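To start, I am sharing the structure in question, which I have written as structure tokens.
All chains are identified by letter, namely A, B, C and D, in their written order; residue positions are counted from 1 within each chain.
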Amino acid sequence: MSAAPETLAIRPPAVWLRFARALWRTATANAAMMTGIALFLAVVIVAIGAPVFAEVDPLDQDLLARLVPPSPGHWLGTDAFGRDIWARIAYGARISLVIGLVAVGIAMVIGSALGILSGYMGGWVDQAISQATNILLAFPSLILGLMVVAFLGPSVPNLIAAISLATIPQFIRVSRAPTIALRERDFIQACRALGFSPLRIMVRHILPNIWPEILVMGSLWLATAIRVEASLAFIGLGVKPPTPTWGGMIREGFEQILNSVYLALFPSLAILVVVLALNMIGDGLRDALDPRLKESKR
Amino acid sequence: MTDAPVLAVRGLSTQFRIGGAWRAATRNIAFDLYENQTIALVGESGCGKSITCQTILGLLPAAVARTEGSIVYQGRELVGLSDAEMETVRGKEIAMIFQEPMTALNPVMTVGEQIAEAIRVHRRCTKAEAKAEAIAFMDRVRIPAAAQRYNDYPHQFSGGMRQRIVIAMAMACKPKVLLADEPTTALDVTIQAQILAELRDLCANFNMSMVFITHSLGVVAAIADRVAVMYAGEIVELASVEELFAAPQHPYTRALFQAIPRVDETAENLQAIPGQVPPITAFPEGCRFAPRCPMRMEKCAGRPPRLAAADPASPHAVACFLHHDLALEEAAE
Amino acid sequence: MKLRIEGLSIVKFGGAALLALALAHPASAAEKVIRVGMATGDIGKMDPHVAAGTPEKTLFTWVFNGLVRIRPGEANPQFIEPDLATSWEHSADNLTWTFHLRKGVQCHGGYGEFTADDAAYSLMRAADPKRSSFSSDFKAISGVEALDKYTLKITYKEHVPSVLGYLVNIQGGNMVCKKAAEEMGADFAKHPIGTGPFMFQEYKPQQEVVLVANPDYFRGKPKIDRIEYKFIQAIASRDLAFEKGELDISYGRSDQAWYDRMSKLKDASVVTTEPTELYTLHLNQSHKPLDDLRVRQAIAMSIPRDAIVKYRGERIARAAKSVVPQGYLGYADTPMLPYDPKKAKALLKEAGYPDGIKLHVVQTSLGVMRDTMEVLQGQMRKAGIDLDLQIVEHATFHADIRKDKSDAVLYAASRFPIADIYLSQFYDSASTVGSPTAVTNFSHCNVADAEIRAARTETDAEKQLAEWKLAQKKIIDNVCSVPVYELFDAWALSNRVKLGYTLTGAPGRGIPLLEETTID
Amino acid sequence: MARYALLKLLYAVPTLFAVLLLVFVLTRVIPGDPAQLILGDQATPEAIAALRTQLGLDKSIPLQFLDFLVGVLHGDFGSSIVTGQSVVSLAAAVLPSTLELTVASLVVGVVFGVPLGAWSAMRRNRLPDIAVRIGSLIGLSLPAFVFGILLLVVFAVQLGWFPVIAPSGDVSVFEDLRALVLPAVTLGILMAAYITRVTRSSMLQVLGEDFIRTARAKGVPWWRVVRRHALRNAIIPVVTVVGLYLGVLIGNSVLTEMVFNRPGLGKLIVGALAQRDYPVLQGLMVLYTLLIILANLITDLAYGVFNPRVRFA
């Protein structure tokens, strides 16, 4: 039973159609989500159109104008090599966004698939997946990154692989626990009794119920993924210099933090904007996709 | 039947905030509930039965729902009371039980605690007293080995047993009015009968009146004294059980009766009536049933009919121009 | 509602706790303690004949003596003066040296008097490749002998450019106590025993080493009671700790921005010390297209040395003037190709690379090395030279560059200030990486072998200098490498610290803390 | 429950073995020679070869692994090849401060995260909610070291309430706790940001559950509904996330440990990796894995405490 009027429940024929409509309805009704989409699009546009938005070459060093604070010439200042921070953030968005979104996306898909599988099937499948998760969790992300370098060699795809690998266990854990709880719920029991295939139950009945949690987790880990790129740079898995990335800029900023705080601050803010935008979208999505979710009582 | 109703509902309208605008989910609900009487609210899903009950207890979130009209309980106006004031009414004076016993209980609290809590929030008593009383109520609703099961969690009970616990919880403070929101819908047929018998029994023993929500006319016959048939947020017909069953007047009520043989406990759409209940955002201007009504007249689309008796001497009221020409005074919002 | 109240009370409680903490002050100790902050996460083996890192060498400065030492505050061997040996003489052919030791010097921890026997043991140990990282410095020694308790004789197979240079109290010249080293074995590296002004007391992993004054120090009991030698990896934390007064001496960062900021602190001074580290870009001639002289010349012309010095800071860096650091015995100011990116492009075109060249470079992720390489990358870009940097962790870097994996190697080094060491290790073909006698010749340079080897055994100082000069010219003309700049070490010192000497150089990298050093 | 715990620990043995094997092989496959690193760049190939023999690195990898396993079975984890200190003594030296920091930041995270998350959920889409959500996102986006340095500049250098670097030696418990505050807050902020998000989301879901309505229908005052009914249910997924994050916290607090100059397991592991200090790396990975497994176990048990539906079998 829902506290919202039951007459609201409309059942269009196809899932994708429901998705699209719900999305559109939520987006237009939800100012926060609109803002989120706008913010995110803005970042994407800046990334794609970096040469337009930043007239300066992000690689161009001006050795005599290093660590300049924000000023008309360099409106976010310059880094330790006299490179324009704004240009580097704009260009850096390209790789950082790809790394963050793709790595978390992959981890989300694989992690929640394994988590649901583990939670739903139980038995030896659960044991095997849990053990593998434990092994993965036992490696600090740095060591995990090193493993990937050792076997695959350094490159952006491998970097993404390393970050995904480090993040997958988080999603396994987050999706497994609620799956176990759901498995016992009546409607899942009913599905089983009706002879639905396990795959169908997992995809059509369990996933829609737990994916708000997964979305929240995803938005949480995005910031981490973008920053992990920086720590992996220490062990040689980072993006090659002088290509700018937000994580790399933050790492450089750490060295100079007492000399100039802007080096670490601005890329961090850039990450904040993306995370903020994605969270606004994520929350909106959740409202759109989860009709059960009700307003708080006050 | 005594003179003053225990609960008098007048012109009750519950509005929801949807897409920034307030939309009325129910309109002009009015009925009286007398002592020891049971009134049934009947209608399809989404007709506003549950919303009406939750409005009476003030359970809808203020951020998205608002109430107009009047609810008088034993001479006391409930509309406009603060939440703190309502807390003294809920459970103690008016209690409620729900459709879904599987989810209505807190999974991390023992059932005993949950019953004892209902006692302790309304009465000063020690934990031990509350516990003893809770066990007594569990006994009273026929839960086997009540004392031993006090510390069990909801998931350790069957659906029927859980509904008994919900009932015990509602009865714990001996309320004057019980709002029962489809309490048997989710249960097996055999269990349903037991629970209905239980509720009847409790009403009689505790001098309690009941608002019973159902979409099943069969259940209505078994438990109610009077019936209010609801459609799209309005009461379209209000009569005693006998009168309604003998001579249903509203085309919708008739359609409901026609549909009986084809409705089982889970089917919610009336195949007998073409079309669907309109969504809250698209209620028609005049009679809300008009688009689906086989006896639709031209004027039905113009103004909404008022709930009134065709024969002034009879308490059998209906909102239909087939029976009288009275229209709702205020225009539709 | 309720939660909000609880939240507030937490804040209140927190505030009260903070207040309570603020009111308590640490008790000030009566003893004189100098706290030194070093840029490291931890210290390695505390065996002077093994460890070669700055954190360890700094510690050895305080714990050990040599037979001789360079006058405190200086880095140049011309200031060599007696330490454990009070006097010495050598044969006419320079092959036999006799040292007369100071009497009554006591080893730390009751390991007895330091005698010629200990000195002989120490030298043998330093010359043994199984026990020492510096054995190559002593390979010319044919025998070490304690003539009596206080007389030591060292004989050499061949002429050594600076016998005394290797016997100062750095690296293999540090004198250990025989009994302690033999008794402790491997544990000696955990509890070093020397004769210096301060004695090892305690090691706390990742935190610090505590040293206490050696009451029997032969130059007198030190005025300070204790050194707390703290390992603080992050420069920001070191700076803040220094600013707050939790450190008295702090290892800085070779960066003008750091220098300027720390110079503004009250009651503190910033000091830069020699020896410098020379940053050199070694060009691997065994890799195409670097086998072509014109390409190497183009690279040399693509590096704006003076601009890079300005970037790093003129108080911190000076432009390289040869492949040997300035001030070393045998160093010769050698003219290099001027900065001219246009000409560099033309040369590349002439060599058959009209679109420029791309070099694959393995680069360490460590701070200043990486910074420098990124500057070079940014500058060389303007001449059409693209450095494809593969940033790897430091350990991998050291392994990879020794396997010829990199087209160019940026290497920073300071050595004992004699041209021979630098030239031999970096430019003698015998030192080429991959060979059995490999050291650090990354460029496969072999044009100056004859001069380097001749100078090594030349007894005539004039002729020796001429050979070294020629060697440097040949290496530079052949562009085996492009020297970039020399960096000083930078330190922040509280004005409360009175070193007791004027600090301009620190041969062992760390600042010497002596018996006369004190703190107000 | 004891049986369950024991069983879980038993399951951990293969995990432990797998981790060890991976660490062992990988560290030896990646480039980098500890002997070279110890002896420095002037060392001759001869000296390096001698040291390799002395360290047993010239043996084949399976043989080295066997040696190591035999040692472990005898309780001998070897000694650092860089400092010569025994691995056990190194671990013992850093473990207390790692545990101390982990627990303290966990406390900070829970104390701030749970109430803020619940508050935010109850004031959904209103000012407090928006403020808390943005605050938690800032906590997630800004790197810990920026917070750390900021806290140091304000509270240690300018106000002088806390030390910049942790005091060493035998200091009073008070001094020790005082040095713990800023690093715990730095790590705790990140933790609180996570917990806030998860609590909020979980709370929102719970507040929509039928039993909340049931509780209100029986007249339970709102604050009591929140505390006794909503929070007790909402905390369950939080326990999972906290447990999950606990492991991450132990391993990834390196930067915080660096900024506040605290000894720690994470720092030691990263340092050992950089130095190719195989014995230390191996020993610490065993310890780290054990801690993770223990953290998981505690999480599982705590989950059972909070959730009566879970039975330990």
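Going forward, a residue touches a chain if its C-beta (ideal position, glycine included) is under 8 Å from a C-beta of that chain, and two chains touch if they have at least 3 such contacts.
None of these values were measured; they are calculated from a predicted model.
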item	value
Contact-graph separation of chain B and chain C, given in steps at minimum	2
By count of C-beta pairs in contact, the leading pair of chains	C-D
Distance-maximising chain from chain D - centres being C-alpha averages	B
Innermost chain, where centres are averages of C-alpha coordinates	D
Mean-CA-position distance for chain D and chain A (Å)	22
Where chain A and chain C are represented by their mean Cα positions, the distance between them in whole Å	44
Euclidean distance of C-alpha centroids - chain B vs chain D, Å	53
Centre-to-centre distance between chain D and chain C (centres being mean Cα positions), rounded to whole Å	36
Multi-partner residues of chain D (at least 2 other chains)	30, 122, 145, 149, 210, 213, 216, 222, 273, 309
Where chain C touches two or more other chains at once, by residue number	234, 236, 240, 392-393, 396
Multi-partner residues of chain A (at least 2 other chains)	1, 3, 146, 235, 254, 257-258, 294-298
Touch list for chain C against partner chain D, complex	1-4, 6-7, 10, 18, 21-22, 24, 26, 37, 41-46, 50-53, 129-130, 132-137, 186-187, 189-190, 203-208, 210, 228, 230-234, 236-237, 240-241, 243-244, 246-247, 392-396, 398-400, 402-403, 413, 415, 425, 436-440
Of chain D, residues touching chain C in the complex	30-34, 36-47, 50-51, 54, 79, 82-85, 89-90, 93-94, 111-112, 115-116, 118-119, 122, 145, 149, 152-153, 156-157, 159-169, 174-175, 178, 181, 222-223, 226-227, 258-261, 263-264, 267-268, 271, 273-276
Residues on chain D engaged by chain B in the complex (per definition of touch)	209-211, 213-222, 224, 228-229, 232-233, 236, 306-309
Complex contact set, residues of chain B against chain D	54, 57, 59, 83-84, 87-92, 95-96, 98, 100, 103-109, 114, 117-118, 121-122, 153, 155, 166, 169-170, 172-173
Complex interface listing, chain A residues touching chain D	1, 3, 32, 127, 131, 134-135, 137-143, 146-147, 149-150, 169-170, 173-174, 177-178, 181, 184, 212-213, 216, 220, 223-224, 227, 231, 235, 250, 253-254, 257-258, 264-265, 268-269, 271-272, 275-276, 279, 292-298
